[in-house]
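In the two complexes that follow, chain A is the common piece, with chain B as its partner first and chain C second.
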Partner chain A sequence: MYAQAFFVAVFGLAAIGFGVVVFRTSSMVRSALALLFSQTAVGCMFLAMQTEFLGVLQIMMMATEMSIMAIFMVMFMMDPGGLGGMEMTHQKRFSISAGVVAGGAAIAVALLADWGPVTVEAPDAEMQTRALGIELLGRSMLIFETAGITILTAMIAATAVAIPVYTLSGNGGTETKETSE
Partner chain B sequence: MTLILILALVTGAILFGVGVYGALSQTNLVMIMMGVELILAGALVNLVAFWRFLHPESYSGQMFALVVMTVMAVEMAVGFGVAIARFRARGSVEMEEAGDLKG
Partner chain C sequence: MNFVIVLLALLGSVWLLAVVEGWTTTGRLRPAAPLLSGLAHLGRESIVPRTPDRVFFETAPVLLLIVAVLGAAVLPLAPTLVIADLATGALFINAALAYVLVALIMAGWGPNGAYAMIGGWRFLGQLIAYAMLIVMPITAVAMRAESLVTTVIVGSQDGLWNIVYQPLGFVLFFIAAMALAFRAPFDLPTAPGELGGGVDAEYTGVRLGVLRLARLTLVITLASATTVFYLGGWHGPLLPPWAWSLIKTLAVAVSMLLAGRYLPRIREADLMRWCWTLGIPLALLNIIVVGLLVLVVP
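Presenting the complex of A and B:
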């Protein structure tokens, strides 16, 4: 139990530390990598809490997501390396206050609430995966299917938003690219 | 065991607070999305801790965690779509310059 508490605490601290680094570094690529490490530490926390399937899923998903995010950072940022020392924050005092109040309130609830009896034994990994599969294809099938359709819709919507708009001009029906400026 | 539950909940709460700070303080769209990712990660940690330590017999808890992961993926996909459209239209994804959402 103490080993489990130790690893949950270590990975939790790593997740928080890298989460803070995301907004502290001036290099955007480093921000994306820090977020990747933070999310990986969250996945490792799940593994330490004996939630193997979700832990591995979290690490795999976030590794892909954050790698894509790093590429987008390099594409879109005016100063992706952070060498120019650009200021990219606003309403700092309000943001810090909001973060402290939100986090403090959640910590207060975590510490003060009566969570009732805590279960010591977790189902083993094979049992968890099997039971989750039965849950996904049984009672929660509608939710699972809705999640799948939502991802498909988001992919189509994101592609539709991102592709340039082409209009047929009156001059011989040739295609011209519509630009806003 | 309550100690581990409390550790996980406090970690989730701090991640949530850091995410709120990031989402509110950053001017760049991709950085705002990073803040939202941290908020969702905080929620995810709480959900998994609740399932593991309070109701490990009910797998609806893990299902809930999967839904949050879906939301994270959807947020990234739509956010990057908007970022590309915005960059193509205005040449920047700085939200200070976005008075409205018209492309």
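Presenting the complex of A and C:
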């Protein structure tokens, strides 16, 4: 029990530490990967709390998601390597107060909410996976399917907007890019 | 104890693969060559490029090695010979191998070199191509076993291996595994002759040694995964279970090596197009066929 609490605390502190690095570095890739490892630490917290499936899933998903975010940050930011010493932050006072309020609200909920009786014995990992599968394919199916279809639609729409329009011109079937907007 | 045995088996397989690789490229069978080459790496100067991202530069080779070993940790050599028989084993191996991408992005960004950086980001594109073809065939494998536990998955193939039960899944997984291990013809992140080594380009000495060891370990891990998911794992007549696991793993690893030697390097855009327009529909078909078989055949 104490060992479990210890590891939850260690990974929690690691998650916060990497979270701080996200904002302390000027390198976009470092920032993205720090966020990645912060989320990985959250995944490790899940593992320490005996929720194996969620932990492994979190660790897996974040690796690819944050890496893809890294390349977009490199593409769109003016100083991706952070070597130019550019100031990348803005609206500091607003963001600090928003952060403090949100953090305070999260701590208040954690402390004040009635969490019900504590489970003494967590069911084994196989039972949890099974229970999660039944939940996803039963009661929560509509919610997840709706979310999935919405994300897919957004992805297809974004891709369709991003692809330049090619048309077959009359001269021998060579492809030309349509420039008119 | 299991940890030591699996690690030694992994090291032994890596050594054998390195010997075979040397044999196919130079035509000479030199069993001591990988060891000598490793020692030579230790003796050479390990240069750090100018203005590197030092944390990434140092972490990348070690991270690649760690994730390859972590992936192997859930793959059984025999019914009880597995480091961690997790309830989510088939998912865990995906989670571990997702960090191959992170390691390569670090190795690409870290040294502050153009070729390395292009190599690192290229692998991100490669991931977009192969990732679904790793996950979806494993889904079909888990469907047949009705479990994510790797030992149960091997148990489900008693009598009929998955390579026969779902050959389509095997072909897709084998190709995607080669792309994940960035072996030829999918060696876009390193691309010798075109990117001058890519992510390997700026590494020298002991760091290059670790990087090469990690790459070979990754190939063995993926070959072992192919064995567990499709080739019946430890099942086989006469020989003890661990021997069958090792023989099959090495056979898959060598076949990956040989397939790479006789095929030209594929273009990034072509890989993406084929994976998405052909690979993913076939993977979906595989899931449907396996689903029907699981429901219909008792």
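Remarks
What we mean here is this: the second predicted complex is superposed on the first by the 158 of 181 C-alpha atoms of A that agree within 3 Å, B and C clash if a C-alpha of one lies under 4 Å from a C-alpha of the other, contacts with A are read in each partner's own complex, and residues count from 1 in each chain.
Just so we're on the same page, contacts are C-beta pairs under 8 Å (C-beta built on N, C-alpha and C of every residue); 3 or more make two chains touch, one makes a residue touch a chain.
Keep in mind it's a predicted model, so treat the numbers as computed, not measured.
When both complexes are superposed on chain A, chain B and chain C fit side by side without a clash. In the superposition on chain A, A:Glu126 makes contact with chain C only, while chain B stays out of contact range. In the superposition on chain A, contact is made by A:Thr89 with chain B only, not with chain C. By the document's definition of touching, both partners, chain B and chain C, reach A:Ile68. In the superposition on chain A, A:Val56 makes contact with chain C only, while chain B stays out of contact range. By the touch criterion defined above, A:Thr150 reaches chain B but does not reach chain C.
Using the contact criterion defined above for the overlaid structures, shared-chain residue A:Val29 touches chain C, although it does not reach chain B. When chain A is checked against chain B and against chain C, the one touching more of its residues turns out to be B.
In the superposition on chain A, A:Phe76 makes contact with chain B only, while chain C stays out of contact range. When the two complexes are laid on top of each other via chain A, the two nearest Cα atoms from chain B and chain C are 13 angstrom apart. In the three-chain superposition model, chain A touches both chain B and chain C at residues 53, 57, 68, 128. Contact residues of chain A toward chain B in the complex are 1, 4-5, 8-9, 12-13, 15-16, 19-20, 22-23, 28, 31-32, 35, 38-39, 42, 45-46, 49-51, 53-54, 57-58, 61, 65, 68-69, 72-73, 75-78, 88-92, 94-96, 98-100, 102-104, 106-107, 109-111, 115-116, 118-123, 128, 131-132, 134-136, 139-140, 143-144, 147, 150-151, 154-155, 157-162, 164, 179-181.
Chain A contributes residues 27, 29-30, 33, 36, 52-53, 56-57, 59-60, 63-64, 67-68, 70-71, 74, 81, 83, 124-126, 128-129 to its touches with chain C in the complex. Of all the residues in chain B, the ones that touch chain A in their complex are 1-22, 24-31, 33-35, 37-38, 41-42, 44-45, 48-49, 51-56, 59-60, 62-63, 65-67, 69-70, 72-74, 76-78, 80-85, 87-90, 92-94, 96, 103.
Remark: chain C residues 51, 53, 55-56, 86-88, 91-92, 94-95, 98-99, 101-102, 105-106, 109, 112, 121, 124, 127, 131, 147-149 touch chain A in the complex.
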